[in-house]
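Here subunit A shows up in two complexes: once beside subunit B, once beside subunit C.
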Partner chain A sequence: MLFTYKQFEFCLYCFKKSSDYFKDEWSICHISNSSNDNIYLKKKVLKSYLWGEKSLIICWEYNIIYSFSYSVPILYFNACFDNGKLLSVNDIEILVHDVFKQQLQENKLGIFSQQEHPYTRTPFFILHPCKTENFLKPIVSISSNINPLVTWLSAIAPVVDLNIDPRYGTVCFNKEKFDSLSNNINHSEI
Partner chain B sequence: MANSTQGANKNEENKSAENKEPSSPIENCEEKLTNTENKITIVFHATGNTPILKSRKLMVKKERKMGDVITFLKKLLNLHPSDSLFLYVNQAFAPSPDQTIKNLYECYGVEGTLPIHYCKSQAWG
Partner chain C sequence: MANDREVLRDIWDGKLPVCFNINDEEICDLQTPESYYLMIPRLSYFPLVWDKILIFHSRIFCIQKVKKHFVKHIHSDRQEMEMWLDYNGTPLKWHYPVGLLYDLYAYDTQLPWTVTVHFEKFPENEILHCNSREVVESHFMSTVKEADALKHRGQIISTMQKKEHTQLWLGLQNDKFDQFWAVNKKLMDTSGSDGEFKHIPFRFYSTDEGPFIQKLVKPFTEGQPKSLLNLIEEVYPDIGCDKGI
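Up next, the complex of A and B:
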């Protein structure tokens, strides 16, 4: 298992510290269920795009949420026009970075699809998490100094036109502490 | 969807360069120095099951973007444009395809080179 929830939480707080330092405007949201407390990261960005002669303002919202099924973080995202109307799959495909456009052409349903947000229960798009673990393992195993959340997010961010400050990769990360949280057992219960 | 005003600005810069007077020998020397200084050596490292390159070093102009390097590496590795290829600096940070090599070198350069790890694994699904 690549990420336990405790490891995800630890990465999240480290990421938030960097975000505050770089003035990147990510915020932590808390959700309390009857059984447990969960946290996730959220960011809203306003971007302008040129569409022919018109200038469009689009509001992106990105949520980084831990998936208990896949044991990895998932990127939930939405984009809406300035009148509040959500963008469709076809509209979002146009905004994907050129580097990924060909992959998207050949694998339309395999990269992102729409799902219910686990906490707000509103429709959001997600980037499919099935291969996330396989994809991250070779990188995380050779690197001892970077937040795995940063590795994952930096790799997939161009698909959703999300800018990640290059300096995130220079921030030191406490890998020992991360590894020590690999057990899901709550030690205080023993 | 790219910002079309960038194209207009570039045309203006070209016109002003043509109007300059011929340069002196000293200026020519300085220009030659800046031409070599204008390039960064990228050293590629394979990770995971990705094939290893025969020639691991590549000289790239500072103004080039990461996206160009990704496209070029896909060709070198005989990958289809629709195949996955991810590039990392500092072993584990994937720079944006729009990031310039110059900026990345300033953050992550080591002894005149920019080490880049590359990985072919599929990210989606």
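Up next, the complex of A and C:
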């Protein structure tokens, strides 16, 4: 298997360690039931945008969840206005950076769509995972890359206006730093 | 497929009688509109019959539209006329097959299954938007893709032609068993190099709103094919299954 849940879990804890270090406010959520005990990453960000002539505050929520079917991580996201109303596909398209707009218009449903969040069972958008495996394959095989999650996330996150601090990359390629971080992971957490 | 064709056919032919009533509070007519009855395949999705409901209720629908138009003027909400259903106060998730929704929420009710049609107050935090059949098709195809990722690492679905994808969808949409299975048999093929599926595609749903349960389960144990009971025991190890199931 390309990227197992155990690897995902490990990458997630490393990511979280870096996040705490950079004060980036990602948090880990635990989901337990009779046969699963899973974790995923979550972050909420407030951002202001120019919407026509008005300035608007949008609250984004990003979740990084492991897909057992595809053996890859999937980025789930939602965005709401300050009155709590969720943004539609068309609204999100407006917020998407110009460089992605054309692609999005050509194949909207093929890039992201609304789906049920596997844990909260509420509507969320997902970036489709079909191509993630092809993307991850060469990354996972680079032995110096200890956290493929960072490489993957930093490549796709800009589509939904999620900025990944470049310092995550320095940790991910710096073995010494990575080791010191991973040694600090509390093993009871894993 | 040849040896279980009858079973497949029986499953395909499973239908539910459903009675649709418009929510009283959303009617601005003195007369209560008649109920609308339909037999719906258990494997189908509610939005595929929405057009029929709309045409039946078009009189009320038009009145509503006109009323809204005058009351709200241009301030109309983008999604104001989005249709949705509820049963006993629970909004019905259109992306679940009709049979699954019935089994989850209404298995102990008398038939026909009576559900309420709404056009207002779309519960956007509970159900997905569905403003076209393309959305249903896209959802259906993504579940087929996911299932194939589990069965064949996605190799069958990705080598299919677009027209085969379309045929699969139209087969389901138009309730054409042969059209659907002509393509689906490839997706259910186990004659490849491994001679079996990698994993069994399944999900366990419950009414408690907790996560649905999905994990990797191989179809065989020591050469023996697993039964549904084996699967349930593997997924719910704490539940002592009644062997009489």
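To be clear about the criterion, the second predicted complex is superposed on the first by the 166 of 190 C-alpha atoms of A that agree within 3 Å, B and C clash if a C-alpha of one lies under 4 Å from a C-alpha of the other, contacts with A are read in each partner's own complex, and residues count from 1 in each chain.
We take it that a contact is a pair of C-beta atoms (placed from the backbone, for glycine too) under 8 Å apart; a residue touches a chain by one contact, two chains touch by 3 or more.
Small disclaimer: the values here were computed from a predicted structure and weren't measured.
Of the two partner chains placed by the overlay, subunit B and subunit C both lie in contact with A:130.
By the document's definition of touching, neither partner reaches A:3: not subunit B, not subunit C. In the superposition on chain A, A:66 makes contact with neither subunit B nor subunit C.
Touch criterion met: A:170 reaches subunit B, while subunit C stays clear of it.
When the shared chain is aligned, subunit B comes close enough to touch A:97, but subunit C does not. By the document's definition of touching, of the two partners only subunit C reaches A:121; subunit B does not. With both complexes superposed, B is the one of subunit B and subunit C in contact with more subunit A residues.
Looking at the shared chain after the overlay, A:151 reaches subunit B, while subunit C stays out of its contact range.
On subunit A, the patch touched by subunit B and the patch touched by subunit C overlap at residues 128, 130.
Subunit A makes touch with subunit B in their complex at residues 49-51, 94-95, 97-99, 102-103, 105-107, 110-112, 127-128, 130-132, 134-135, 138-140, 142-143, 145-146, 148, 150-151, 154-158, 163-164, 166-170.
Interface of subunit C with subunit A (complex): residues 78-79, 93, 95, 124-129, 134-135, 138-139, 142, 145-147, 149-150, 154, 201, 209-216, 234-239. Considering their complex, residues 31, 33-36, 68-70, 85-86, 88-89, 109, 113-116, 118-123, 128, 130 of subunit A touch subunit C. On the subunit B side of its complex with subunit A, the touching residues are 1-4, 47-49, 67, 70-71, 80-84, 86, 88-99, 103-104, 107-108, 117, 119, 121-125.
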